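Some structures are shown below for you to check.
Okay, so subunit A shows up in both of these, paired with subunit B first and subunit C after.
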Partner chain A sequence: MFSGLMLNTWIAASLVAVIAGITGYFAVLRGSTFAAHAIPNGAFAGAAGASLLGINVIWGLAVFAVGGALGIGALGDRKARHDVVTALTLVVMLGLGALFVSVSSQYAEETYALLFGEVFGVSRGELLPIGGLGIAAAVAIGVAFRPLMLTSALPEVAAARGVSTRRVELYFLIVMALATSMTVPVVGALLMFSLMIGPAAAARSVTARPGVAMALSVAIALATVWLSIALSYQTNWPLGFFVGVIGAGFYLVGLAARRVAAPRAAAG
Partner chain B sequence: MITPQSSPPAAAPHAPRGDLLTLDGIGVRLGGRQVLCDVSFSLAKGEFTGIIGPNGAGKTTLLRVILGLIEPSGGRVLVDGTPLHNKNKSAIGYVPQKLVIDPDMPLRARDVVSLGLDGHKLGFAFPSRQRRELVLEALAGVGALAYADARVGELSGGEQQRVLIAHALISRPKLLLLDEPLANLDLRSEQEIVAVLGKLAREHEISVLLSAHDMNPLLGVMDKVVYVANGHAAAGPADEVVTSEGLTELYGHTVDVVRLHGRVLVVAGE
Partner chain C sequence: MHYLFEPGLFSSGPVRTALLVGAVVAVTSGVIGVFTVLRGQSFAGHSLADVATTGGSGAFLVGVNQFWGFLVAGVVAAALMEGIGVQRRRGRDVATGVVLGAALGLAALFLYLGTLRTATTGAAFTVLFGSIFVISPDTVPVLIASGAVALLVVAVLARVLLLTSVSPDLARARGVHVRLVGIVYLAALAVSVSLAAVAIGAVLSTALLIGPAATALRLTKSPVRAMAVSALAGLAATWLGIVGAYDSYYWPPHGHGWPVSFFVVVLVLAGYLLSYLRPRLRRPPRSPHEEAAECGPEAARV
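== the complex of A and B ==
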């Protein structure tokens, strides 16, 4: 389970968990979970287009992920319109994906891998870009930590102090898009989504401290992938099944923990 | 935000020394519609002023003009004698109507207040004893110390309002702007918030400007009224502005002002 090839799997999955834990934290906090769903899944269409053109899928992923982020960020300025714009962006990208896949000759194998990932086939050469990206995403989120917090909690106050909520949102979506384009080939679009939402949602119900919640989000994401890889390795069941179920499991445990503790323990 | 062409410098700046905020002939067009027309008033240091008017009269628009979020079509806003720019923006503390956050958001009351200190800057806010003390002091100043560690999304409306006021006060503004701070509060919270604000104006000489659709809760603390209706505004002491004649002129139709047991009732005429 910890042999040469599997070692790459452990490292890659851990890096992806850190990226997902950090970006997912703000996706959940900002109510951008639908965008977190749309961007990786839309990016998969870009990968299909890239393989049709015979270029590296990373480029297709990056173009579609960032393009999707720009579409969602630029058109969805009001909360009320945000969902619709996100949905339409996803629909357009999936439509293009359907076209690319139908025209392309190599269908099933590669598409399946992009949706569900190839964690058990990560090569050494793939580790470096993922690691670099992990650091870049962490730095990008860290640099904007306070504006991200302020615009999430008090958008009007942020605007009055000269912080553009819209620009911060666009920045965040692009960071999420870049994170996605590197992680989708490893864990797949659906897994990336699961890993971004479950752990972050669990973490925020356990603690009200913003810094602790972010660290916890990363820790739960790591625990989720490690458990999932071990179980998937033992049972031969698909990794995606375990990541999705364990992620949601953590959320339910967090929710229960909060219910058991008094809902307003600190007040009074 | 300043449009000099509509107010020639020779005639306009009648901002007396000591006036913290001056609005001079402010007009606002939104979506091709004239929302506000020729609004002028000033606010002295430590003065408590209520922007009063019916829903949709343009109270929030007026506050947004002062904050620099809406460009007026005419007139000018002076803060401490100079037009609003990034430097004197910090002279204004702003309290939005309510928090629009997910109740599950991992943010304690003290974190919200801490964001008031430097939330617009990049990077993390590293914890320090000095920051901690400033935050607790701000919370204590509005009587919110008891729930400093509570998740802010789980606080009641009145408690959130206090936390938001502490958030605005921690950067030591000279002027506090509040958008409908009494909306949706129970009677007791309403009285407590008014008392907190009145104390800020009296004891700390912070000028308070707040919008409200009902002026009665403010009668005991308010120095001046800016009554907004029908796109126009009249400013002055409540006794002089809120009269049957004054409001009839402002609304453009008959309005009766009835004073009853120290309360003011504004009733539309026939």
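== the complex of A and C ==
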């Protein structure tokens, strides 16, 4: 389970879990859950386009992920209708994906891998970009940590201080898009989403302190991924199944813990 | 005429079925979509479509009729989302996300087990993209019936729904069970969306649910008028999309039609972007409360 090729799997999955835990925390905090679903899913359509043109899927993923982030950020002029713009961006990207897929018509095998990931086939060469991106995403969030927190928690105060909520949102979406485009080939579009939301939501429901919650989010994401790989290795069932279900399980445990500590929950 | 309609368009059986099903789905989605947009539940609407298709593939594995699979999955997911969801918009999105994440995990498992049995990987496609041209005629009555049920539920609830969408506090003060209304509404949404998703794919069902409704709500402030506009816009996009897909059979690459969902999505987006051109209605400076109230002036005035 820990030999040769599997070692790459463990390293890649751990890196992805750390990225997902950090970006996911802000996605949940900012209410960008839908965007976290839309960007990886839409990026998947970009991969279909890239394979149609015969270029590396990374480029297709990056173009569609960043394009989607820009679309969501640019069209979403008001908070109230943000979800509408996200939905439209998502269906437009997927509509293009449908076109690419039907025109190339020989894409079915790759689709499954891109949707659900191929974490057991990670090569050493793929580790470098993932690691580099992990650091880049962490740095990007670290640099903008204060404005990100401020616009998430107290948008009015942020506006009064002259911080542009919209620009911060766009910045965050682009970070998420970059993280997505590098992780999707490894863990799949659907998995990336589950890994971003479940652990972060669980962490948030246990504690309100940002630092602790973020660390907890990363820890839960790591635990989810490690458990999933072990189980998937033993049972041969797809990794995405375990990640999705275990992530949701952690959230339910977090909710239950919060109910038990009822007096404080009322304030949170 | 022949430049627009390729010969044989209206005499083809699958095309007629597609036009009929498309109309049912477009009208149902258009009307229900207005509430979805007003309530800020686009994410839930899209998720329910995904979740329902998971249920459908699960039912297929077990050997039960698929309809039961996606109906049960859709309704259970709707109850879960509303059940664990905090009432605030942000909390609700997280609850939706968690349910969707778990459902996608299950979908991965079902598809995997399905490929073990049938050795095809095309299932992932059908789930996402579907195809309006391969609907079997037996599905049509079920689709029409479920659309009618969903519309009926929404029509009965219309006033209460508007009130709870615009001002939950006011609704609660008047003795409305806000959460129950939310669950019943989401269940109706699940029924209509999931059937649409299975017939024409999750992409198209979301596009028809959100696009026309959002466009209509930019054009008019009256919810009733918005529903009419939205249903008509959805219908137009669907029919034009079907005609386009039929015609595209002769476009490059030859012998391969372009997907309907592509045409419909492009038309829906074009409609939404065009609605930006219309000069904005009178808009004084507002607070966040008015932002919500703007969605339904009539309900707000109650």
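Here is the rule we go by: the second predicted complex is superposed on the first by the 262 of 268 C-alpha atoms of A that agree within 3 Å, B and C clash if a C-alpha of one lies under 4 Å from a C-alpha of the other, contacts with A are read in each partner's own complex, and residues count from 1 in each chain.
One rule holds for everything that comes next: a contact is a pair of C-beta atoms (placed from the backbone, for glycine too) under 8 Å apart; a residue touches a chain by one contact, two chains touch by 3 or more.
What you are looking at is a predicted structure, and each value in this text was computed from that prediction instead of being measured.
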After superposition on the shared chain, which partner residues are touched by A:A213: those of subunit B (first), subunit C (second), both, or neither?
first
Is A:A203 in contact with subunit B, with subunit C, with both, or with neither (first, second, both, neither)?
first
Does subunit C touch more residues of subunit A than subunit B does, or is it the other way round?
C
In the superposed arrangement, which partner chain does A:S194 touch: subunit B (first), subunit C (second), both, or neither?
second
Name the contact category of A:G31: first (subunit B only), second (subunit C only), both, or neither.
both
Could you look at A:A158 and tell me whether it touches subunit B, subunit C, both or neither (first, second, both, neither)?
first
Who does A:L96 touch here: subunit B (first), subunit C (second), both, or neither?
second
Contact-wise, after the overlay, does A:A144 reach subunit B, subunit C, both or neither (first, second, both, neither)?
first
On subunit A, what residues does subunit B touch that subunit C touches as well?
31, 204
Interface residues, subunit A side, partner subunit C - complex
28, 31, 33-34, 36-37, 78-81, 83-84, 86-88, 90-92, 94-99, 101-103, 105, 108-109, 111-112, 115-116, 190, 193-194, 197-198, 201, 204, 237-245, 247-248, 251-252, 255
Contacts from subunit B onto subunit A in the complex sit at residues 67-69, 86, 89, 92, 94, 96, 99-102, 104-108, 111-112, 115, 118-125, 146-152, 154-155, 164, 167-168
Contact set on subunit A toward subunit B in their complex
29, 31, 142-147, 149-150, 152-163, 203-205, 207-213, 263-264, 266-268
Subunit A contact footprint on subunit C (complex, rising order)
37, 40-43, 45-47, 84, 89-90, 93-94, 96-109, 111-112, 115, 120-122, 124-125, 128-129, 201, 203-204, 206-207, 209-211, 214, 253, 256-259, 261-262, 264-266, 268-269, 272, 291-292, 294-295
